[in-house]
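Structures incoming, each one as structure tokens.
Each of the next two complexes has subunit A plus one other chain: subunit B in the first, subunit C in the second.
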Partner chain A sequence: MQEKNRGLGLFTLLVFLFLLGPLLIISVTSFEGGNILKFPPEELSLRWYENIFHVEMFLVAFKTSILVSLGGNLLALLLGVPAAYALSRVEFKGKSVINAVFVSPILVPGIVLGFAFLRYIVGTYQLPIYAALFVGHTVIMLPFIIRVISSSLSNFDFSIEEAAESLGASKLGTFFTVVLPNIKSGILAAVMIAFLESFNNVDISVYMTGPGVSTFPIQMLTYVENYFDPTISAISVLLMFITAFFMFMVERLMGLSYFTKR
Partner chain B sequence: MALFTLQDISVAYNKQNILKDFNLEIEKGKLVSLLGPSGCGKTTTLRLIAGFLKANEGKFLFKDKDYTKVPVNKRNFGFVFQNYALFPHLSIFDNIAFGLRLRKNSKAEIEKKVMNVLEIVNLKGFEKRYPQELSGGQKQRVAIARALVIEPDILLFDEPLSNLDANLRVNMRVEIRRIQQELGITTVYVSHDQEECFSISDQVAIMNKGVIEQLSDPATIYKYPETKFVADFIGFKNFIDFDERTDTGGKIELSKSGYSFVLDKDARMFNHAGKIGAIRPDDLLIREKGDAGAVQENSLSGRVKVSTYLGRSYQYVVETPIGDFIVNKEMTESYRMGQEIILEIPRNQMVLVD
Partner chain C sequence: MKKRYLYLLLLPGLLFLTVFMIIPIFLTIGTTFINDHGFSIQGYLDFFKDRYFVEILLTTLRVSLFTTILCILLGFPAAYYISKLKQRKKAIMLLLTIFPLLTSPVVRSFSWMVIIGKNGVVNKVLLSIGLIEKPLDILYTPTAIIIGLVHLFLPLIIVTLVGVMENIETDLLKAAESLGASRLAVFSKVVIPLSVPGLVIGSILVFVGSFTAYTTPALLGGKQRVISTFLYQNAITLNEWQVASIVATIMIAVTVLIISIMNGLAKKLNPKG
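Let's look at the complex of A and B:
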């Protein structure tokens, strides 16, 4: 396969341009010195990066997002770790059905899921905005937590659990002293992926947020509707960096194989 | 007196009986092997003793106390796994100290006991390493040390050597036997390797389809198998299903399709009512046709059907009027394919089994 194929090379280049071009343009426009977003920029400056930290609503929304993502993450972990463990360790009837149910939030379009939440959970139980956000984000994080931790458990040799028990450890003690330490990189990766999924989420949040409470991406939407300055480009670049950093960490922790592995 | 007893145990999985009305008694300080082909229930028996598995029926008595419902972590039995099952996140020291910490030993005690057991398994100086850095044999030594250090009442081995290469297997089984005898620890050892079991055990239980076919010391099993399955398992390749058996004085007379045979009766076979004769390929004799030394008794005329080269000997398949026999012969004695010969069954080499 050393033979060069020009047509294929050109095609690959075009695909790359198509994928990365918009990101490149956004990145360039974030350094605009003027007041209006345009490409190419007329003068270069970092003032819009600085501006992010002066816009009150971004700071508030950022805090909200962090709170919701971390809180939801904790809740999703508390539910997801035992679920992933049970799904990997125990054989029971209807296991595949339960597996499918846990993964279903990935399969259902977010916009549909969000509407369903709004109509039947928020509407029926009159949940306050924060509680609704927590519940919604927990649900969308859960499949990622379960998938990644299950993948980590699939490499786990359960006979070491029996070894621990034969040495005198209780079932619960075994879980904390033997199972958890051996899947901790998987848990860390799961937390990061779930965090990204939640932090960048628009389609669920857009239904849940209300007067005075907004998550970061929703705030970005609102901002774009009202202002035309390059702040939004600067934020986008920061978000890209945060996401890339997290994905890099996940890659280092356990490889990206869980995307392809069942 | 028995240290522990399995009493009328039944285990079923997916409505299939793995063990049925199973009984086993093991004495203190003995090494007993469970030997048999895969699926015979030997591992099930071991896991039942360990407590990993619950019996559907029956009792497990330990020192005359009912242990049937005692959970694994309260039994104080050591278990050595086929795949070692070391804790990958802990150093060798911490792996071995795991059980001691749960028993609330003091730091100084743990240090002393771990170092002591490392010496027993010849792994001094490895305490700071991690399992991934050790070879298979070293890992299994750590696993044995980890099980020994808690001073278990029973030590259980589940095919501990089957992941090791052949040379190491022989060394390790000698090690296991040495440690077991030094500490006088009651041991149950599961394997499908006959040589391994016979070489280290006080007693061997040969299992088939969830039943113990024979439980004796290795020499007795080797010489006097009681059932056809056991005989076959330990290398009696030739079987004759006799029509009639008559015990008279010091002899047993047998007949098959009009051919009659005589065996010397020996003490152990005396009570045996079996009518199936079993004999090893090494114990049959071949005589040239017309050989002056050939005896009439216990002889059949036959023809060499197949001849294969085994390195140290030849193996022949000999066709006779009462069936084919497999015979091993030294290099010095060779026979052509198709050659007519006389096959002799020595009167003291055949055993009768059920």
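Let's look at the complex of A and C:
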């Protein structure tokens, strides 16, 4: 492989053109000055960015999404951190089964999970839509929280913890002063990955809409089905900025291997 | 054992998942096997007799198969190229692959509406150079769904394959070349067999992902139903919860079936045994 393989390089370039071209094209259409979405734009303006803030339903849905994703994230942490800690500390017979249960929300198709939530959490359990959204998003975030924090804990040397305990520190005290600071970056990465997963979710949120309640991606979906103007392009650009920021943060915290390991 | 308290730490999470996920899923599956007289599979029998539904199921399987094949054909060479790059360039290429992966599926499907729509970029270009006389109907067809799904899942297979290919030792490739193997031979006799585990995992992710994807077919498929949009339609628009539950169960069954077939295949094909 001394000389560069030109053909392969060109092929890869075309693949990336296919991957990134569409995102570039909608970014350009967001600067349209006219009323109709087209490529290339006729004249340039920022009016569609301004328009986002005039569409009431987007503002409300954005708030809902942030609340659901952050609230669900917090609950997923409260449930997931102790579980990940316990899983990395003990060996027992059914451990692989327990592990499988914790990752199962990723394995069940989202559109099926959403339906089951609608039928039983909203239907049978009679939870209000808002609460059901919150619970549903917690369920889908939990596997990411547990997986990322577990991998962070696998790099932690538990003899430090034992040393602290043998010097008289309490178990809880040791956890907060010794273990937690050491897996800080893992927790932060877990929170960001889970947040993106929840914030972008369509499959379960699409079932849970009610009067005045709907998440941001669902509102985008509804908008696209009814209007075809550059507002969505402008929103897409803002979302891509947020995505890029999260991606660089996770890369900093966990390295690229988080994304390439399966 | 003083470690018993550790088991207690697992309980809240397990309890939460049991109440809010496992029970709802099992009840959804369970109700499809019960009618007024007790246990019955009549629902499924009626289902597979219905041509409309079988058509949707076959379309979805076909779309998923095409998507998976295209993802492998496009993703494999690209992943190989990336895996051979120097550290810094490789990191940049990986970030460029991961970025679309993390971007909202609504944004990504929407971008294709702009490109392949009636007044979209593709039609404009083809019209202006005189290759076609009236705009092509690509949007709202199975082809549009396949394009959108390949765009959705290609990064996933590239990233997975790069992860596996990185572990193929460069010395092995050099050894093969120095012994006179052509580049193509190195690729087909060394690189491909050693990439099989990644290829299998990647294909499972793409096939199952395509089979169950909702956003892309909902936006790009128009009236063309696939199994996920059919499930949603029955649950929300038609309020046919029994039908929806049967479709949901079929989706879970197909997912499990594909994962186990591919896993079995992977065990057979794995050169390391």
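Criterion: the second predicted complex is superposed on the first by the 256 of 262 C-alpha atoms of A that agree within 3 Å, B and C clash if a C-alpha of one lies under 4 Å from a C-alpha of the other, contacts with A are read in each partner's own complex, and residues count from 1 in each chain.
Keep in mind that, in the parts below, contacts are C-beta pairs under 8 Å (C-beta built on N, C-alpha and C of every residue); 3 or more make two chains touch, one makes a residue touch a chain.
In this text, all values refer to a predicted model and were calculated from it rather than measured experimentally.
When both complexes are overlaid on subunit A, subunit B and subunit C end up sitting side by side without clashing. Figure note: vertex subunit A, arms to subunit B and subunit C, all at CA centres after fitting on chain A; angle 100 degrees, rounded to a multiple of 10. Set against each other, subunit B and subunit C differ in how many residues of subunit A they touch, and the higher count belongs to C.
Of the two partner chains placed by the overlay, only subunit B lies in contact with A:Ala163; subunit C stays clear of it. Contacts of A:Leu113 after superposition: subunit C is touched, whereas subunit B is not reached.
Contact with subunit B, but none with subunit C, is seen for A:Val178 once the two complexes are overlaid on the shared chain. In the superposition on chain A, contact is made by A:Met220 with subunit C only, not with subunit B. Contacts of A:Phe16 after superposition on the shared chain: subunit C is touched, whereas subunit B is not. Once both structures are fitted on chain A, no C-alpha atom of subunit B lies closer than 7 Å to one of subunit C. In the three-chain superposition model, subunit A touches subunit B and subunit C at no common residue. Residue ranges of subunit A in contact with subunit C, taken from their complex: 1, 5, 8-9, 11-12, 15-16, 18-20, 22-23, 25-26, 29, 37-39, 78-80, 82-83, 85-87, 89-90, 92, 98, 101-102, 104-105, 107-113, 115-121, 124, 135-136, 138-139, 142, 146, 171, 196, 200, 202-203, 206-207, 217, 220-221, 224, 228, 232-233, 235-236, 239-240, 243-244, 246-248, 251, 256-257, 259-262. Residues of subunit B that touch subunit A in their complex: 50-52, 71-79, 81, 83, 85-89, 98-99, 102-103, 143, 146-147, 150. Within the complex formed with subunit A, the residues of subunit C that make contact are 3, 5-7, 9-10, 12-14, 16-17, 20-25, 27-28, 74-75, 77-78, 80-82, 84, 91, 93-108, 110-115, 119-121, 124, 151, 154-155, 158-160, 162-163, 166, 170, 173-174, 177, 183, 198, 201, 205, 208, 211-212, 214-215, 218-219, 228, 231-232, 235-236, 241, 244-245, 248, 251-252, 255, 259. Subunit A meets subunit B in the complex at residues 157, 159-160, 162-170, 173, 177-178, 181-182.
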